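A short write-up of the structure that comes next.
Labels for the chains are A, B, C, D, E, F, G and H, by order of writing; each one numbers its residues from 1.
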Amino acid sequence: MELTVYLAGQIHDDWRNDVKAQAKEKKLPLQFVGPQENHERSDNIGESIMGEQPDNLYRDDAASSINNFRTQVLLHKSDAVIALFGESYKQWNTAMDASAAIQLRKPLILIRPKSLIHPLKELSNQADVTVETIDQALAVLSYIYE
Amino acid sequence: MELTVYLAGQIHDDWRNDVKAQAKEKKLPLQFVGPQENHERSDNIGESIMGEQPDNLYRDDAASSINNFRTQVLLHKSDAVIALFGESYKQWNTAMDASAAIQLRKPLILIRPKSLIHPLKELSNQADVTVETIDQALAVLSYIYE
Amino acid sequence: MELTVYLAGQIHDDWRNDVKAQAKEKKLPLQFVGPQENHERSDNIGESIMGEQPDNLYRDDAASSINNFRTQVLLHKSDAVIALFGESYKQWNTAMDASAAIQLRKPLILIRPKSLIHPLKELSNQADVTVETIDQALAVLSYIYE
Amino acid sequence: MELTVYLAGQIHDDWRNDVKAQAKEKKLPLQFVGPQENHERSDNIGESIMGEQPDNLYRDDAASSINNFRTQVLLHKSDAVIALFGESYKQWNTAMDASAAIQLRKPLILIRPKSLIHPLKELSNQADVTVETIDQALAVLSYIYE
Amino acid sequence: MELTVYLAGQIHDDWRNDVKAQAKEKKLPLQFVGPQENHERSDNIGESIMGEQPDNLYRDDAASSINNFRTQVLLHKSDAVIALFGESYKQWNTAMDASAAIQLRKPLILIRPKSLIHPLKELSNQADVTVETIDQALAVLSYIYE
Amino acid sequence: MELTVYLAGQIHDDWRNDVKAQAKEKKLPLQFVGPQENHERSDNIGESIMGEQPDNLYRDDAASSINNFRTQVLLHKSDAVIALFGESYKQWNTAMDASAAIQLRKPLILIRPKSLIHPLKELSNQADVTVETIDQALAVLSYIYE
Amino acid sequence: MELTVYLAGQIHDDWRNDVKAQAKEKKLPLQFVGPQENHERSDNIGESIMGEQPDNLYRDDAASSINNFRTQVLLHKSDAVIALFGESYKQWNTAMDASAAIQLRKPLILIRPKSLIHPLKELSNQADVTVETIDQALAVLSYIYE
Amino acid sequence: MELTVYLAGQIHDDWRNDVKAQAKEKKLPLQFVGPQENHERSDNIGESIMGEQPDNLYRDDAASSINNFRTQVLLHKSDAVIALFGESYKQWNTAMDASAAIQLRKPLILIRPKSLIHPLKELSNQADVTVETIDQALAVLSYIYE
C-alpha cells in the first residue's frame, strides 16, 4: 500500500532530503510532497507570475496565494503529514498546515526539539505523535508497514 | 442577531478587554469567548487538576490537554474568530486556532502589525480579513450590523 | 418556528424592503439578513477600514474581503436563501452566494425574470425553487407555515 | 503525481485547447475535464435525449439537468479547478462552478481580464489564486511540480 | 430539553394529529413539523404559485420543488424523524425522507404494519428503531425524557 | 477516465444486462456495480450465513443487514447512480438508495415510466436527471465522454 | 453560555448524581443528559415497547435499538462528553459512545481509575482530557467558565 | 474491484491469518490491513521510538499515540471494517475502532461469540452485520462479489 506524506515546515535547509533518503533506504513505499523548497522562488512566485506588485504587502500576498494553492492541492492528496519545527524562524505556516491536517483528519507527526516543548504544547497535544528527530518520524512511518 | 466571537491570541496582556469595551461602546450584540487569560493559571492547570507530573514535558502536556478541551468547546460555539498576533512570543497556538477556524469554516479576522506581514503571509492570505489594529477588527464586526 | 433567510442579490434598489414588508404583512416569523445595501458604503468599506489602497484592484479586494466576511457569518446562520437576479449588472456575487447555498445545503429560492431563463438555466436547475417575482418567493416561504 | 483539473467557463471559443496545449508542452501530468464544448450540442442535449419540450423554459431545464449531471461527476473527480471569465456572455454557470469548487474545497484558479476586476471582486477574493491569462494559470499549475 | 421531530409519511389521513395529541397528553416538550397535509393544496402548490404548467409532468415538478423546499428547511431543523408507512399509496417520498434522515444522521423511527415487513426490510434495517404503531413511536420518544 | 456506476432498482428481471450491453457497445469506460440480482439468494442470504431465524421478521432483517452492507460498500465506491423504477413491486429500497445517493452527492439518474410521474415527483425533482428508458440513461452517461 | 454535557458510562450506580450535584454546587450553567439509568428499564425497554421477542438475542437487539436512538438524539445536542470507566462490567457501549464523540468532534473527558491505564490507553490517547475522578472532570468543566 | 478491509480486534492470537487464508482460498480481491500484531512490539513501540518514559502511564501513552497514528492512516484507506470480539481481554480499542468505523461510514462487520450478545448489544445494533465466526464474516465479504 503506497502512501503519500506531506512534509510541512521551513524551507531554509534540505531536511526533506534526509526524510526521503531514509525512506528509500528502508524501502518504504512512500511518496513525499511538500511546499516549494527554493526559498527565493517561493517568495518571488507571486511577482514572477502576476507581475510587479505595489509594495511588499501585495508582493507577499500574491506569493502566498500561489503557495497556498499548491499546499491545498497536495495536502488533499496526502494520507499523512509530518510537520517539522526548528529553533529558527516564525514558522507560522508550519503551524497553519499542521492544524489544517488535524482538522482534515490527516494523521499528523510533529517533530520539534526539546527546547520548543512549551510554546508548541497545544499543537503537540493535538498531533497524533510528537517526536524530536527525523529518524523517529521515519520510524513511525515505517511502523505502518510492519 | 447575537453572535459569539472567539478571541484567539496571546494572554500576556489584556487586549481582550479592549475588544469587549469597544463592542460595548458600539452596543454590538456580541458575546466574546476565549482561552484562560491568567497565564500562570493556564500553565498550571494540568498539575492543578491532575497532580504533579514527572517533568516539564508532561506538565505542559497535561495543561495543554485542558486548554485544548476548553478551546474546542468554545470554538465550536462561535460564529466568528479574531486571531491577534503581536511582535512577542511564538504564538503557535494562535496560528493553530486560526487555521482550525479556517478549516471549520468559522469566518476569521486576523490582526497583525505591519512588521509581521512576511512571516504571516500564508495565514493572512487564507483569513477572511486581515487588519492591523483592534479598532479595525471591531469596525469589521460592526459592519455586520449596519 | 422562527427561520432566518439570507437575501442575496444586487444592492442597487430596495427590493429587500419589499420582501420584508410582505413577510410582515403575512405575519411570518422570519428574520431577514443580507449584504450591506448601501452601494457606496459596500464599495468603500475596504479603504474605510484599512486605509487607502494602491489602486482599484487592491481597493476592491479589501472591500470584498470584508463583504465576504459578513456574508459568511450571516449565510451560516441562515435556514434558507433567496437569490434575486435582474436584467442589470453582472451579479456574479449573487451567483456565487446561490451556489454556496446549494453546496452548504441551504434551501434556495431563485428569483429571475423570464428574459434570463437561458443564461441562468444551470443555476435554476440546481435551485430548490425558481420563481419570477418577489411575491412568488414570499408565497413559497409562507407555505412552510401552512 | 497525476492531477485532474476541471476547466469551468464559456464554451464559445476553444480556450481549453490552449490550456491543454501548454500543459502538454510543459509535460505536466495533468488530465483536463470540463463541460460539453459544442455549444449547440450543449443547448440541445435535453431535447436530444428526452424529446421535444413544451417551450424554451423546459427545453433549457432539460438540457441543464444533463449538463449539471456531467459537471457534478467530473468536478467531484477533480483535484483543482480553473474558472475563466471573459468580457462576453453572462457566465453565471462559470460563477456557479467556481463557487461550488470553493465550498467543496477544490483549489481554484480564477482567470479574468482587468476590465472585470470590480464585478468579480467577491469571487476573486475567495478564489485561491486570481490571474489574467491562461499562461499565468498554467504557470501556477506548473509550480505544483517544481 | 425541547426537541423538534419531523413527521414523514402520507397525507391522506390525520395520523399526525394522533401523534401530537399523545405527545401533549404525555406532556412531552416536543415540537412537530412535517409536510403540507392538505393533499389538494400539496398537489396544486406549483401551479398556485407559478401559474399554469404545460401538462401534468411539469405541474407535478413545480409542486414537488416547493414541497421539497419545505421539507429541506424543516428536516434540517429537526432532531429526530418519524416515518410512517401504511398499506396504501406508493409512499416513495416517505422512503426518500427516511433515507435522507439516515444520511443526515437524524435519528429515525420507522412505523410500518406487519404486512410490510418484507418490502421495507432494507429501510427498516437502517432505521434506528422500527415499530408497528404510533403508540409505540410515542413510547420511544417519551423514553428520551425518562 | 473510468467511472463506476451503481445500478439501484428491482432484481426481478435482467435490466442491468441491458445497461451493461449498451455501455459495452458504446465502448464507454464504465464499471457497473449493484445489488445481488439473484432474488432468492438475496432473500435467503441472512439465513444462509447466520442460520435459521425465529420467523420471517428476523429472516428478513438478517438478509437485509447483509444486503445493506454490500450496498454501502459499493455505493461509496461509485461516481454516479442510476435508479430504475418500474410499475411492479414496492421498490422502497430503490427509493432509499436513490435518496442516499442524493445526500451523499453521488450524481443520480432516475429512470421511471410516464405512469409513475406523480408518485415519484418529489424524488424525480431531487434527482439530477430523470428519464424514461435505459437508452436515455445510457445517452446521459455517454454524454460525459463527448 | 449554557452548555450541554452527555454523561456516558455504566448505569449500575448513581455516579451521575455526583456530577450533577458538584455542578450545582459550583453554579455551573451546565445541562446534563445521558442514557436511561434504571438498568432493568434499559434492558427491558425493547420488549416493553415492541412486545415479547423470540429469545435473548432479539430481546437485547430491540432494547439496544431504542437505547441507541436515545443516545443519538442526546449526543447530537451535546457540546461535550464525559465517559466514565470503572473496574466492573464490559463497558463496551461506553467505549462506543466515547469513540463516537471523538469522531463527531464533541470534546471528550475520559474518567478512568489507574488500574485501567493499560487497557484504555488508545482511547485515552484520543480523548481530549483523561482524569481519574469525577472531581477532576468537574474541575475541567469549571475551567471553561473561569 | 479491489477492496481494502481493516481487521480490528485483539492481537493475542493469529485470527487475521485465518481471515487472509480464507480470502485467498476464495480468490477474493481483498487487501487486509490492521494493527501491529506483535503484542510486545505494540506495547513497546513508544519507548522503542521515543526513549524511556517516566512510568507506565507515559509508556502506554507513547505507545498508543503511535498505534493510533497507524490505525488512523489505515482505517481511512479502508472500504470496510471487521471488528472481532472474543471472551478474553478488555478489547476497548476494538470497540473504539468499531465505533469510529460507524461514524466514518465505513461498513462494519462485527464478529462476537454468543456469550457476548448482552454486553455488545448496543455496538452490534449499530454494526451493519453481526456474525459469530470468521467463516461467516468471509461469507459476507464474498457476497459483495457474487
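To be clear about the criterion, a contact is a pair of C-beta atoms (placed from the backbone, for glycine too) under 8 Å apart; a residue touches a chain by one contact, two chains touch by 3 or more.
Per UniProt, the chains are A, B, C, D, E, F, G, H = YtoQ family protein.
Predicted, not measured: the structure shown is a model, and the values here were computed from it.
Listed by label, the chains touching chain F and chain H alike are G.
With A-B and A-C as the two chain pairs, more C-beta contacts join A-B. In this assembly, the C-alpha centroid of chain B lies 30 Å from the C-alpha centroid of chain G. Note on chain placement: the centre of chain E and the centre of chain H lie 38 Å apart, centres being C-alpha means. If each chain is reduced to the centroid of its CA atoms, chain D and chain H end up 43 Å from each other.
Separation between the centroids of chain F and chain G, computed from CA atoms only, is 39 Å. Multi-chain contact residues of chain H (touching two or more other chains): 65, 68. Under the contact rule defined at the top, the touching pairs of chains are A-B, A-C, A-D, A-H, B-C, B-G, B-H, C-D, C-E, D-E, D-F, E-F, E-G, F-G, F-H, G-H.
On the side of chain D, the complex with chain E involves touching residues 54-55, 58. Residues of chain F that touch chain D in their complex: 1, 3, 79-80, 105, 107, 109, 128-132, 136, 139-140, 143-144, 146. If you check the complex, the residues on chain G that touch chain H are 56-57, 60-61, 63-65, 67-68, 71, 85, 89-93, 95-100, 102-104, 114, 116-126.
Interface residues of chain E, counted against chain C in their complex, comprise 4, 31, 33, 36, 38, 41, 45, 48-50, 65-66, 68-70, 72-74, 76-77.
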